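Both of the next two complexes hold subunit A, though its partner changes from subunit B to subunit C.
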Partner chain A sequence: MSDFDIFSNLALGFGVALSWQSLLYCLIGALLGTLIGVLPGIGPVTTIAMLLPITFKLPPTSALIMLAGIYYGCQYGGSTTAILVNLPGEASSIVTTLDGHQMARQGRAGDALAVAALGSFVAGCFGTLLIAAAGPPLAGMAQQFGPAEYFSLMVLGLVASVVMAHGSVLKSFAMIFFGLMLGLIGTDVDTGAMRYTFGIGELSDGISFVALAMGLFGIAEILRNLDGPESDRSVLGSKVTGLWPKASVLREALPAVLRGTGLGSVLGLLPGGGAVLASFAAYTVEKKLAKDPSRFGKGAIEGVAGPESANNAAAQTSFIPMLTLGIPSNAVMALMVGAMIIQGIEPGPEVMTKRPDLFWGMVASMWVGNLMLVIINLPMIGMWVSLLRVPYRLMYPAIVLFCCIGVYTLNNSTLEVVMAAAFGLMGYGLMKFGFEPTPLLLGFVLGPLMEENLRRAMRYAQGDPIVFVERPLSAVLLAIAVILLIIVLLPAIRKKREDVFVE
Partner chain B sequence: MTETRGHDRAASGHPVGNDSPAPASPPATGLVKGPTDLAAGLFLLVCAVLGWWFGQPLKVGTAYRMGPGYVPILLSWVMGGFGVLLCTLAFLHRGAALEKWRAKPIVLVLGSLLVFAFTIERTGLLIASTLAVAMAGLASPQQRLRQTVLLAVCLAAFACVLFPLALQLPLRIFP
Partner chain C sequence: MKMSPLRRATCLALAGSGAALQSFAARAQQARPATPAPGAPLLDGPLKIVVGYAPGGASDRAARLLAESLKDRLGVPVLVENKTGAGGRLSAQQVKAVGPDQNVLLAGNPAIHVVAPLVASNVGYDPNRDFTPVSMMTRYDFAVAVGAAVPVREFTHLIAWLKANPEKANFGVPATGSLPHFFALMIGEAAGLKAQVIGYRGSAPLATDLLGGQIPVAVDTLDSLIPLHEAGKLRILAVGSSARLPEAPTLPTLKESGLPLVADGWNALFAPASMPAAKVQVIARAVEAAMRDPALQAKFRATRMTPVAASQAQTIKLLADFRSKWEPVVKSSGFRE
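So, the complex of A and B:
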């Protein structure tokens, strides 16, 4: 791919993204995302699942532009909460509370917010360029893939998502298999046989992805939040000032922003990486590199700039495997895959060639969305802060209602609402047993694809599994998966991995 | 000091696995050292047995020509294996104590979804939303009755304006 291609592609993309329709949906998405992202206790997965029905009636390009806007708006809102209230709005802004809130206490809330916003913007620009540059070659490579390569790639993706995630490796793997199992429910594509449908007509198309995601994340999250007493939220009383930081502050933050962007871009590409891991890793790196690490936790600007840039860069680059290979690397991307399928688009390398307007329009709109967030949101901080004063007891019934309406309107099926309730209970139970829902969702999304490719590969190879190691690319992918598995099971490294997540 | 609080939150924000120590739980005594792991293992075992049992009518086929039952039965065995492994670990390794389940939120929040499912096609969106929000609202320990009722009415009205009117989703507002 020559440079010319990138530019002509981006020109096509901006042509789509700058139409008034796209701009409008991007704006609405970013605003809605920020609005809900600001609220603590509602993660990006719940937010996107909850707002999905809003996009049902839109054309695919507008729908995906809006969903992407919701996603990075969410990230953005999360950091505002982290800085002003010392409560992370999203898991990816947990580390931002450490130094960001200290800065706010010292009256430097404006600096912290502005650096977070500008750092995110720089990271967003870089992430967008990376998608534009890496997308076509990756998709080209993916088109050479046979069923064996696809199967091995998905194995690698699932293994990597466990390795990069926190918590028990054993339980995460168990959840992947549980997800794969749930993905089997419905009509077998190959033979037309009904599997685990128990004569229920609605199940012949499989479990509704939205009902599953909503139950596991939205409803289960509410049940868990209602377990404990409502935490005290001391919103910063004083007005936020100094949203245009001094040049010296920016100069101090810039190296951290660039480091965070680089680190986040790489971690976002990896399956299971994504925004949370990126922000933790960036904080660790900044602390290690600092001349005086003791400043961290007391309001160090790098402690805000690094992680905030990293989580935004990762949020952008995690779109790459989803858009080019059709393989979601985290729960949010799994949801995007679900949204694409609802819109009648099969995610994978063909999207770029068959629907270039959609692919490039989405990429360009990410950049536009990041710009919008900076321009619109900094002046609107006051409004977001007042939202934080809404107590949780008034918030969660609204989430329940939106989940109900969202699941119901997908197929006008009351059974799916009942299923969302059942999955909510299941999600709550799984949390109590120490399982995480994300590997389950990834397994569920990839399950049918894996089975199909496994069958096709085995048929070509006359039933001989050696095909997976005979084909060089497939062998390499599987070898990486095995190496990752060994690494994570080695006790010494496992210890280290826990340290990273505690940090 | 702030940092420590941050750590706590990072840890408590996510379910604790069997290889992360849970400082809050009291040391388990007796034969079962990791009650959470035992429960997790049993859960997997039950799922595996159900998957295997209800997968029996499906044709398994061969690796060359896989029938619809090949992958389900395979996965059932793997899940069963994980279940056995977790149960075994529960007797060998000290793990977290079982967390308590609170019945009130479960009944009211899940009940509100069921109420919505039951009423939406019979009474229309307005009544279904009001009932669902009111019921869910009662689950909070800090709930106040008047506020909850007011919230239910307002949210229902908002939903009726947003979904069927503004977004043109096919929903009936009135019975």
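So, the complex of A and C:
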């Protein structure tokens, strides 16, 4: 594709995206996305599922622009609750809680929110540009990623999650394995056998991620707060300093933003766990590159900038398989494919040629939407931060309420609300004994993907495990995992791992 | 897995399966005058259709398109609710439990009504005792496709190629225990292949692996494969219908390619057993009339669904035929959860 084509295509796209109608729906989508991202528990899947029937009445381009806006808007909003109240609404914002919430506790919520918004904007712009410039070839590249490569990537992801933890290595491993075990619950993808479901229908699809995350993070955090003296609870509101980051903070964050954007753009192409891995990978990279890794987990700005940029870049590039091939890479994209079909547009490689207005209009609107989001979000930082001054007795019941609504709306299941409560108690217990919930959640998310791809790769290779080192990409990923593991374990073995003493 | 009973079931029972549904689909094309919208509501309250899958999927699209038309015919609001989970079984459990005073229907399919009760020890409902068939909505076809890199252009060549390269005889299916899974087993049996059937979590990851050359062959529903076929990203070698399809006349059937296998699937509406028979009849007549409406049919076809118009009695017959054909196949496959 020549440069001229990109420009004329983008011109066509902006012609569509800048019409008042497109702008309106883009704004509605971005606002709605921010809102549901901020509300704990209610994610883009639920929202888009609920709104889908309404979009049947809209023109297709407007409908898709709005739905896309909800999705990436949610990535912006999701960081807000993660930072302010330590509550990740989506798997991709789990890591943001690590340093983002610590920053908020130190009164630097404004810094964290602004860097998250600006980082997301940079990442969103880059991701959009990537879709426009190289969508189809990138989709082809992502397909070269077979089951063996996926398995090795998941292994790397799990090893990386040990790096992220700042407590005892042994406890991190324990949590990862516990997460893997929770991930085993549900239907065996190969044989269809039920595992640990005890005849409960809801469990046949596995434990709900939202119920687990809301329990381990949201409810457990509230229990922990209730446990402490009352003076601790209002700590958040009292120490808030500047709302706007100083230039030095931005300078510190910029390299992390760029690295996160790059990692996120690549990993976002991979269906399934791509977007989740992106934020985890970005955090690991930042922690490993930092001169003083001990700052991580205690409010390091790079720990917010990297993962937030990564998850937003991944959110953008995860559109590539859907837009160029009609193959959805996650649940949100699957809903959007459904929306296209209902609109009479057959998702597939021919959308680009048959409906260039729709394709390029959507791509251009994503850039417009990202700009809108940063304009919406920056002035709102003050408002979000002042939310922390809301008295504890009002805010936390509200959070619990939203968590319950969010968990319930996902599958209209009361059992999942009960499960969230149980995980809350469990999370509280884990916290008391110094176990971190993040490796658990990562094990839970990556475990099933890892198992599925391990078994598939082995079946394709007629049961020969050599396949994991025979395929070059897989071998490289495994090698990185081994090196990373050695780096992590060496200091622990020598009893020099700095954080061990902090415990 | 017992080889010979499956093959027997395959060849005897399935020869000609699906022909009946296909003929109903054809009949639906001959439009009859639609019943005019009545002034007074035909039901005592809103009607709810429960779909066991996410919005935007085939089952959901069928229910929503129909709901739009039923609203005017019945004179009451018609809502669609998605109760996802356990491959649609949770939706069946929910609808089974509603009382006689509620107007609730289930958007059912072979997975919920035929396969699950056979392969699972306890699905929490009895497909025959707990539900009354109301009316057919749509039917759909299955297809066999290969990735662009696979050096075959005809189904018979595929079989020869897989026999020459037995390590490549992997058939990807969108889900373990789905109709395409059993169909893939049957194809492997009938062709004399030692094929592995590999279950994915949906059509999307299966298509990704097929396009990337990770797996050579996929057996899936036609509607999920055909856009990629038309774009030249993969090749559909055969469809499972009894005759060539009007919407895809260039695609040969398996029968033409030497395998006497025919299979298709359906989406139909079911009422809980508690619903009074008179009410079931009212709804069934409205659904049948809606499915005969050319405007609605066109909408179904535009989203690659084949509308089927059938009365309640015809629906019961079609379902019984379908069940008697597939039950031995599923049972003899030895597949259990």
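Here is the rule we go by: the second predicted complex is superposed on the first by the 270 of 503 C-alpha atoms of A that agree within 3 Å, B and C clash if a C-alpha of one lies under 4 Å from a C-alpha of the other, contacts with A are read in each partner's own complex, and residues count from 1 in each chain.
Rule of thumb we're sticking to: contacts are C-beta pairs under 8 Å (C-beta built on N, C-alpha and C of every residue); 3 or more make two chains touch, one makes a residue touch a chain.
Here the structure is a predicted model, which means the values were calculated and not measured.
Engineer: I'd like to know which partner A:N411 touches here: subunit B for first, subunit C for second, both or neither.
Structural biologist: Touch status of A:N411: second partner only.
Engineer: For A:E350, decide between first (touching subunit B), second (touching subunit C), both and neither.
Structural biologist: In the superposition, A:E350 touches subunit C alone.
Engineer: Contact-wise, after the overlay, does A:M431 reach subunit B, subunit C, both or neither (first, second, both, neither)?
Structural biologist: first
Engineer: Once the shared chain is lined up, is A:V95 touching subunit B (first), subunit C (second), both, or neither of them?
Structural biologist: first
Engineer: Between subunit B and subunit C, pick out the one touching the greater number of residues of subunit A.
Structural biologist: Looking at subunit A, the partner in contact with more of its residues is B.
Engineer: With the two complexes superposed on chain A, say which partner A:A193 touches: subunit B (first), subunit C (second), both, or neither.
Structural biologist: Once the two structures are laid over each other on A, A:A193 reaches both partners.
Engineer: Report for A:P53: first if it touches subunit B alone, second if subunit C alone, otherwise both or neither.
Structural biologist: The answer is both, since A:P53 touches subunit B and subunit C.
Engineer: So, A:G179: does it touch subunit B (first), subunit C (second), both, or neither?
Structural biologist: In the superposition, A:G179 touches no partner, neither subunit B nor subunit C.
Engineer: What part of subunit A is shared between its subunit B contacts and its subunit C contacts?
Structural biologist: In subunit A, residues 53, 56, 188, 190-191, 193, 412, 459, 462 are touched by subunit B and also by subunit C.
Engineer: Show me the residue ranges of subunit B that touch subunit A in the complex, using the header's touch definition.
Structural biologist: Per the stated touch rule, the residues are 2-3, 6-7, 9-11, 13-20, 36-37, 39-40, 43-44, 47, 51, 54-55, 58-59, 62-69, 71-72, 75-76, 78-79, 82-83, 85-86, 89, 95-96, 98-99, 101-102, 104-106, 109-110, 112-114, 116-118, 120-121, 125, 128-129, 132-134, 136-137, 139-143, 147-148, 151-152, 155-156, 159, 163, 167-171.
Engineer: Which subunit A residues qualify as touching subunit B in the complex?
Structural biologist: The touching residues are 53-54, 56-57, 86, 88, 91, 94-95, 97-98, 101-102, 166-174, 177-178, 180-181, 184, 188, 190-191, 193, 195-196, 198, 219, 222-223, 226-227, 229-230, 296-298, 391-394, 396-398, 400-405, 408-409, 412, 414-415, 417-418, 420-421, 424-425, 428-436, 451, 454-455, 458-459, 462-465, 494, 498, 501-502.
Engineer: Quick check on the complex: what are the subunit A residues that touch subunit C?
Structural biologist: Result: residues 49, 52-53, 56, 142-147, 187-194, 199, 201-202, 204-205, 271-272, 321, 325-329, 331, 334-339, 341-342, 344, 346-350, 411-413, 452, 456, 459-460, 462 of subunit A touch subunit C.
Engineer: What part of subunit C is in contact with subunit A in the complex they form?
Structural biologist: Residue positions touching the partner: 54-57, 60-61, 64, 80-87, 89-90, 93, 119-120, 122, 124, 167, 170, 176-177, 196, 198-202, 204-205, 207-209, 211-215, 227-228, 230-231, 233, 302-304, 335-337.
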